[in-house]
Amino acid sequence: MVGVAEPTVTSLGAGWYLVDDGERRWRVAVAGEGDMQWVFLEGQVATLETPRPGRRRAQSTEAGVMSPMPATVVAIHVAPGQSIAEGETLVVLEAMKMELPIRAPRAGVVKTVACAKGDLVQPGVNLVEFE
Amino acid sequence: MVGVAEPTVTSLGAGWYLVDDGERRWRVAVAGEGDMQWVFLEGQVATLETPRPGRRRAQSTEAGVMSPMPATVVAIHVAPGQSIAEGETLVVLEAMKMELPIRAPRAGVVKTVACAKGDLVQPGVNLVEFE
Amino acid sequence: MATGGIRRLLIANRGEIAVRIIRACRELAIETVAVYSDADAEAPHVRAADRAVHLGAAPARESYLDAAKVIAAALASGADAVHPGYGFLSERAHFAGACEDAGLVFVGPPSASLERMGSKIGARRLMVEAGVPVVPGEAPADQSDASLAAAIGRVGFPALIKPSAGGGGIGMKIVRTAGEAVDALAAARREAKASFGDSTLYVERLIERPRHVEIQVFADSHGNVVHLFERECSAQRRHQKMVEESPCPALSATVRQAMGQAAIAAARAVDYRNAGTCEFLLEGEGESAKFYFLEMNTRLQVEHPVTECVVGVDLVHAQLAVAAGAPLPFTQESLSQRGHAIECRIYAEDPAQGFIPQAGPILLYREPQGPGIRVDSGVTTGSVVSVHYDPMLAKLIVWAASREAARQKALAALREFAVLGIRTNIPFMIQLLQHQQFVAARIDTGFLDREGPAIAAASVQELPAAALAAVAEHRRLGASSTPGTLGALGPDPFVSLGGWRG
Amino acid sequence: MATGGIRRLLIANRGEIAVRIIRACRELAIETVAVYSDADAEAPHVRAADRAVHLGAAPARESYLDAAKVIAAALASGADAVHPGYGFLSERAHFAGACEDAGLVFVGPPSASLERMGSKIGARRLMVEAGVPVVPGEAPADQSDASLAAAIGRVGFPALIKPSAGGGGIGMKIVRTAGEAVDALAAARREAKASFGDSTLYVERLIERPRHVEIQVFADSHGNVVHLFERECSAQRRHQKMVEESPCPALSATVRQAMGQAAIAAARAVDYRNAGTCEFLLEGEGESAKFYFLEMNTRLQVEHPVTECVVGVDLVHAQLAVAAGAPLPFTQESLSQRGHAIECRIYAEDPAQGFIPQAGPILLYREPQGPGIRVDSGVTTGSVVSVHYDPMLAKLIVWAASREAARQKALAALREFAVLGIRTNIPFMIQLLQHQQFVAARIDTGFLDREGPAIAAASVQELPAAALAAVAEHRRLGASSTPGTLGALGPDPFVSLGGWRG
């Protein structure tokens, strides 16, 4: 920000800030404590995170697939030992009246199916693992 | 409240309370700390005070008249020694674009006029005192 | 809507109207510049604007009424236009002229129109010339009984005799028949001489229990002038409006049309431009009602949302477009009224103490929400209501398909409108909207002055147990979190009851 | 508006629609009873109601979908009527019947109407009999090439061949000229046999790039049926509507009139009562447009506010009046459209990740406000969005005099709509409303499925310095007030950027 004055920030309370860059003023909302903040400005939203070593992300990896959110298993399309193609639907979840197909991130062979139809599954736990 | 269950009160945050009398529920707002609270229910508002010994009230008494709020003196209609009738206008104040006539609470004689035209006067201070 | 050259607008006002204009600008991608006094540094209108310029001390004459400071702020912030709102500098011809001289677009009429309407006597003469009805009246040069009696005959009965030099009702006499004239003239002359040292008398038609009905007009710089129908504003206290509505239940289609045409004629007579309002007194109702021009307000009115809801227009958008030189975004033929709107002005005042204005911090503030409910406001929780400005905090505007549905909606909304820390007229308003005369739409301009105290008294109610229970819990929570603040509380916290009232 | 016998209403729903119905009841002096699951004990609809009854566990089948529990709650709370809202039990004929049996007024159509419209095949037959246009289609008993080719000729070109047992697009073939029929039939038959073990084929007219246009209807128990014009709902993703507006820019006055009459005929064919919606596919635009009945939604629609704004009615008030036996509060002749309304559905979903629904706590929530802006919502700061229910948080509805003014107002309002803690489609919506096809009002039902990913990608923007500055201040304030929570922060707090995106 060479040549631009440091913006002044005034807390307005309840997560709102008035940012004045010396020319224009912006109303910004910030929420969240600890290592992740949400920020809002004129309809746009971002999250800002500080990575923590060893923190597990609730997403699928080379080793297996996870649910991105709490959901119910409504169908399982694969069995252990089965060969799968990249993009093939492995499991279908339902959350919030929507079906969520969980697809294979790569081609491979199913090692284990760690869920059953009707299970309420949580994010961060493998549903299907690959060999 | 004989025969009626004690109402349950749940704080909803930001001064709001949900009061359940076992039959109906009411949303009540309360504000104010210390010895005076404001309370709101369905458009009605009340203040509840705990009287403090020795606290001065910003209102006129037998001994003199006060401004009920910060205001500017725009006219003085009496002078020391002058006889006044009950209800006679002594001083005219202006606040918030409104004229406020300050009237005599009783018949009597003016002892002192403790303000001048153009003064910004505060509540709790005598404007005119009586003999 | 074309708002042409306006890129950055300075709003030379504060409170709800400044916020409302800023919102309109957001939709039109016009940058906004707020101005503020020392008292308003943290006010909602300042926070809402893209830029903000400090004007001066809290008293209006050192800030919002200081034309030179406002124009300097506009130039310094790169604004190309100024919206004056209402009040403050909005009807000062010299301010409009100074904007014009500084190359700033003034969002309002040209200074020449302001001048012509600014003189009451001049405006009355112009209206008579334009064929707009005014309250008949004259101060004959020949002040003899015979001459004054003839003047009374010309203005019509009932007539009012009043001292030309007077005011405040002193020396005013009502004459209902020609036979009463001589005695009344003698009495009025004596009182006028005694009170004002001048016995010159003015006679005019007495309009008994009139309604205040006003017509919104709009003119552009291409020769188009339209009216946007009426607003009924009779619910006023000492000329301070409290409730406005549209349509006016007392107007027939014929009278409405005639008033609209009169308002257009009035606007044309002063070469008017932008939004304006012609105020009329209305005598009687229905087909036989008569109307008389009072004055023209050469600005946006406080109560403009009532028209916006019923006619389906955005008057501020239209103001900006017309100020930028665009033609009116509507034609007379395209305009019509639909449903019914009511505006309730929320004042910081205590109706139980003669409507004395209130100042101080707002400890808690929550507006009603819902379909057909609009709130234009300039305060929030934590705002400090200053003694320096108008005590109007907000306007509640409701729209519904019928007057009765709008009345019920306004009542439901008022019951949800929470303002703590200062007294407001909300509890009074709840009573007023349920008053038999309001329900029947039979309010004249004297109604609130006559009935206000009784309505205020009726709004004192018993404190419900639920309210007491909530206060007890509030005190208990306060005691546990901040024990220090409760040291002054006695054993029985409810010793003194401030009252459940309006 | 007469709402007769209804004194206390149970609202068998949650979220924004429950809140909206409660608000309507306040205006009508009807007491309200909310119901809630374990997940909703602190939800806004529960707090807003006069009474509240707990139904059961969070899954809908154990709470909001459990008809027996809902009826028991109504009887236990002394309610005399039940409003089902939309979704959940609203179109279950057995629930309406159970209400009727329990002596509760069901605010909706009689169970018999629900049954007749509940069967898609039965409803289609009824509509054909009533003269309401449906998409031409048949599954001939004789499945020979000659018979199917003849059927294709009857339904018209372009035609679509699809397996009777099928779904998901498998085996579907488009036939644009008669010459293509034989090859297409052979291919479709092979694929149908291979995929479904059944080669029976169905042929229908292919409606290319249709719009979804629906007509609001309303019927009372006195034989009156009216329509309240159309809503354009083509902006939908996988049949989930995202933006609705009215009027539909593609309708001519003639086609609008014909659709209104068709919808009235549809309602009469099932002896309908209360509010309902006939959904149509619209092919083409202007005078040459053709429309085809899809289905009738036998309840209040999510998007009903669009009609309320443009037609100037309160559909929930009318529902309660009609349910209580009153005649319709409006006649066909009294109804007209004015201006333009747009509704944006605010979903907890992440458009950047295939619109996956989001659940979790809302850390900060603020709705836009202003003239012509209405927000119907069921959440607030601190609400926890549950995985158990629909991810719709709120509806933003704007009204303005023209479509373009409404679009600008919606954009300005979306930019003021703050939801933090969970992803929403607000940034996506801001892009969508600026998409050239939306600006030009050229959206068909496939638009969002085709263009959604590109719009989501376009809504990723660079993070402005002002946002970073505010986050830094937030962290600094958090560090000083609650130092413990910041222990995990590294020296550079902006190492990982979650993205400025939709």
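As written, the chain order gives the labels A, B, C and D, with residue 1 at the start of each chain.
Assume a contact is a pair of C-beta atoms (placed from the backbone, for glycine too) under 8 Å apart; a residue touches a chain by one contact, two chains touch by 3 or more.
As the structure is a prediction and not an experimental result, all values here were calculated from the model.
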{"item": "Of B-D and A-D, pair with higher C-beta contact tally", "value": "A-D"}
{"item": "Centroid comparison with chain C (C-alpha atoms), farthest chain", "value": "A"}
{"item": "Euclidean distance of C-alpha centroids - chain C vs chain D, Å", "value": "42"}
{"item": "Rounded Å distance between chain A and chain D, as computed from the means of their C-alpha atoms", "value": "27"}
{"item": "Inter-chain centre distance, chain A versus chain B - centres from mean C-alpha coordinates, in Å", "value": "57"}
{"item": "Chain B and chain D, separation of their C-alpha mean positions in angstrom", "value": "53"}
{"item": "For chain D, residues that touch 2 or more chains besides their own", "value": "415-416"}
{"item": "Residues of chain B defined as touching chain C within the complex", "value": "1, 7, 9, 11, 14-15, 17, 19, 21, 26, 28-52, 68-71, 95-98, 100"}
{"item": "Interface residues, chain C side, partner chain D - complex", "value": "1, 20, 23-24, 26-29, 305, 308, 312-314, 317, 329-330, 338-339, 369-372, 374-376, 400-401, 405, 408-409, 411-412, 415-416"}
{"item": "Chain A residues within the chain C interface of the complex", "value": "12-13, 18, 23-25, 27"}
{"item": "Footprint of chain A on chain C - complex, ascending", "value": "31, 47-52, 382"}
{"item": "Interface residues, chain C side, partner chain B - complex", "value": "348, 353, 356-359, 363-364, 366, 387-391, 414-421, 423-424, 426-427, 430, 459, 461, 463-467, 469-475, 477-478, 482, 485-486, 488-490, 493-502"}
